[in-house]
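The same chain A turns up in both complexes below, where it pairs with chain B and then with chain C.
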Partner chain A sequence: MGTIGELFFSWDAVRPWLETLFRGFWVTIQLTFISLVFALTGGMILAVMRQTRSARGGIPRRIGAGLVRLLAIVYIDVFRGLPALLVIIILYVSLPFTNIPVLDTFTGFQVGILALSLVYAAYLAEIFRAGIESVERGQVEAARSLGMSNRQCLRKIVLPQAVRRVMPPLLNEFIILSKDTSLVGVIAVSEVVYVARGAQSVDLNSSPLTAAAVMFLVFTLPLIRIVDRYIERDRRRSGGGTVVIR
Partner chain B sequence: MRKWTRALAAIAIAATMVLAGCGGDDDADAPAGTGAETSASADLGLKTPGKLLVGSDIPYAPFEFTEPGSDEVKGFDVDLVKAIAATFGVTDVTFQRESFDTIFSSTAQGRFDVAASSITITDERKKTVAFSDPYFEANQSVMVRGADAKGLDALAGKTITPEEAQTALKDLTIGVQRGTTGAELAAKVPGAKLSQFQIVDDAFNALIAGRVDVVLNDYAISAYATVAKPDLKVVAKVSPSESYGFAFPPDNTALVEAFNAGLATVKADGTYAEIYKKWFNEEPPAS
Partner chain C sequence: MSNPTGAAVRVERLVKHFGANEVLRGIDLEVARGDVVCVIGPSGSGKSTLLRCMNLIETPTAGRVFVGDDEITHHKADTNSLRSRMGMVFQSFNLFPHRTVIENIAMAPMVVKGLSKADAQARGMELLRRVGLEEKAGASPRSLSGGQQQRVAIARALAMEPEVMLFDEATSALDPELVGEVLAVMRELAEGGMTMVVVTHEMGFAREVCDRLVFMDGGVIVESGDPATVLSNPVHERTRRFLARVLEPEAEV
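Presenting the complex of A and B:
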């Protein structure tokens, strides 16, 4: 069936597909960044919800805080336990029949973003939680004794430190998210792996797949290097103390 | 900075080695496989003597599919392959799942003995695999939602040419299964948006959901689907008809000949007509 060079690295086989491939990669980038924004927002909200505690106040307030916490825990556990592919397929095949306004007219692209955001919000929430818990209890006590409210303390003392500490695992998750966008291809969204596979099935030549691989590497390799630098810098500065999950 | 570049280079080298390694494996496998076949069963070149391994994209009802709660593959192709295999004394027939868009490269590489998957014989595909004689005449068909036919009702009951189909479907969103002749036809429609699915049923469901306007697919399969999915209807057939054939690794002429002889036998003794009636509820067209 031809040599490895012809099968995987043939420029002639890639050239006619190049524009399609770049358009596909643009879809991949869009999926990645839009999902990231939603997942970061959702993840932060979930992480804070999970930290909700009410030491003062009456019983109703304590029950309320407990419910909020429970809700966050259930959400995070469920979505951490589900394969992203399954979430994508379930949403795609069932949303149009749900009669939920707006959601039932979602395109494949929008369903992909929704599914990835739902799943990654759970992952990111766990990372944020680890960050929040890594801030020493003493700082919180100090802030409270200076007269800050619970909310002020969270916003001004805990979260800024937490976010900085979890940068490496967040970037890691971002890289994984960018790769998981290829799952959205199953619902006929023209991301780069999907179009490369289409090209391969027409020409029976794998070079478009190689081209897709190269596009991914151009995107992910610098990120991987940045993560490593972050970790090294943090280690130098504090002798440990970064949080790495998964 | 230097450490940076060195690390990048290391990753690049590692990646190349992995890629080359995979390619090398595939390359080494093919000749070894063929060698084993010829020595083990010189007459038919089966991967395992006495056993027929069939590659098929399942589900594609009524040609190959599984019923709820069962792993047993059923359908027209299944019955026909078993009947043909019986004519040359092979009763152990196993159907193996293979995605349609990779079925031709996998067949050519000899991952199974034969591909039986409602495969239309085309000149393009003949460059990669060997085909048996035709065993089924199939039309492409235009399928729409009953509630919103996008003006294609005008075609109802007609048989149209591919050119007429291209004009009629202009600027619509067309659902197809990737790698099929329906997908090839859809790609030629001017201004159309293509949604290519891995499984043809996903295309049918996308049509019900209103994600696509129309589905281009083999007539027999689409017509069968409308029984279970009454929201859908097939408005027109596209001629000229296409012929289904079984696909083989290009070097295994012995098995192709055995299949052709077997097909002639089952057609002559009425087994073919029986199987045809079982799945399509009508007599096979005179050939």
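Presenting the complex of A and C:
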């Protein structure tokens, strides 16, 4: 009794919990993908807001553009600077008392999605911004000289190239998001880490936690390989890499 | 907003400052329909900035620019649609790398003019034939040589059916053996009656193709006139010194 093997890798200790664990992992997957969709949308909007410039037009338009930019910067800085766990807790304990319609009746699952979306929108905005800024000035000049408006140029020329370039960091952020869903367990949402911990505390055997770890790895490892492939491809294209000159 | 002279493009007292740096110090230039004007001058003379101010890629500090009868610098002007009446070809080609050659050409007519994909691509193929690259329609711009990329860029600009074509040192980034194919396309365009403003270092092209040669230095037009005269018999000392350096680089002092 008490060997490492039995403590972590006991099939008998996992089997009764298997269905619970799978259900928990399904919650984890939902938290991940739903938050991702909102965070991608919000991040793209924030990144574009942050790029707002008004070269022409009167003073009101310039001030307007400045305000939009400032709003995006404040949002991004605040949410980059806060721990996701704190955002989850603040929203969970405060929303029921706010009397804001719909929001004050949010379930833990919905609060989790809201909090993760808010935080990750800020992270993804910074990644999108890096991508937008990496597109050469000449691309914009060519598009505008053909008569495209600022908006058409952004949609057809700048953003498609920007998104392509930031695929590796976006996928990385996606992996981190999938792992951060476990933070939502703190407000009693039955994601996989939360239910595995519950199982452990009943039987005092860690194998359900191992099972949760395996589920995560089955999900994240292929993604990690894809990121590596992307980076390798970009490296070859730009002719970079480890350079050794003897 | 009237332009009584009926020129294709007209520039009036154009001034451009970058901070304290006065790049253009009052340029007046008129290009008649069907004319080819070559602009030469030392680097830093403001010739590229002049071209870029003409279609407002660079915002002029002062002065006016007309396309046909319309003032593009007017504060109420529809800049986007006026811009599309001038095609621009860049030193660094600036093809869209995420699209194929034919998509590069068809994109602006679809997005800006609302042409159907079939129409835009059919006309794009015609233009590709004109620049001798129809077999490259489905290729990625990345896979083309510099000369081929620049020919595609010319076709892309022509797809908007511009009244004027602006060439900003279109052959300066090319390997010497690729310059000829691009100049040939430009020459054919000029012979077809296109109005062109060409910033260039190709003196041979300037001599043979252009109707008027403009020499710029220090943000002003120093001298302009018949190319053969300006090149072989320049009036101004500055023009003479520049031409001596360009035509006989070895003899530089």
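We take it that the second predicted complex is superposed on the first by the 238 of 246 C-alpha atoms of A that agree within 3 Å, B and C clash if a C-alpha of one lies under 4 Å from a C-alpha of the other, contacts with A are read in each partner's own complex, and residues count from 1 in each chain.
Just so it is clear, a contact is a pair of C-beta atoms (placed from the backbone, for glycine too) under 8 Å apart; a residue touches a chain by one contact, two chains touch by 3 or more.
Just so you know, these numbers come straight off a predicted model, no measurement behind them.
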When the two structures are superposed on chain A, do chain B and chain C clash or fit side by side?
fit
So, does A:I157 touch the first partner chain B, the second partner chain C, both, or neither?
second
Identify the partner contact of A:R69: answer first if only chain B is touched, second if only chain C is, both if each is, neither if none is.
neither
With the two complexes superposed on chain A, say which partner A:T107 touches: chain B (first), chain C (second), both, or neither.
first
Is A:S145 touching the first partner chain B, the second partner chain C, both, or neither of them?
second
Identify the partner contact of A:A188: answer first if only chain B is touched, second if only chain C is, both if each is, neither if none is.
first
Look across chain B and chain C in the superposition and give the shortest C-alpha distance you find, in Å.
27
Contacts of chain A common to chain B and chain C in the A-superposed view none
Across the complex, what residues on chain A touch chain C?
55-56, 136, 138-139, 141-149, 152, 156-157, 160-161, 164
Which bits of chain B are touching chain A when the two form their complex?
4, 7-8, 11, 15, 19-20, 23-24, 27, 30, 101-102, 104-105, 108-109, 128, 175, 178-179, 195-198, 202, 205-206, 208-211
For the complex, give me every residue of chain A touching chain B.
1, 4, 7-8, 93, 96-97, 107-108, 186-188, 197-198, 200-201, 204, 210, 217, 221, 225, 228
Give the list of chain C residues in touch with chain A in this complex.
55, 57, 59, 75, 79-81, 83-88, 90, 92, 94-98, 107-108, 111-112, 153, 156-157, 160
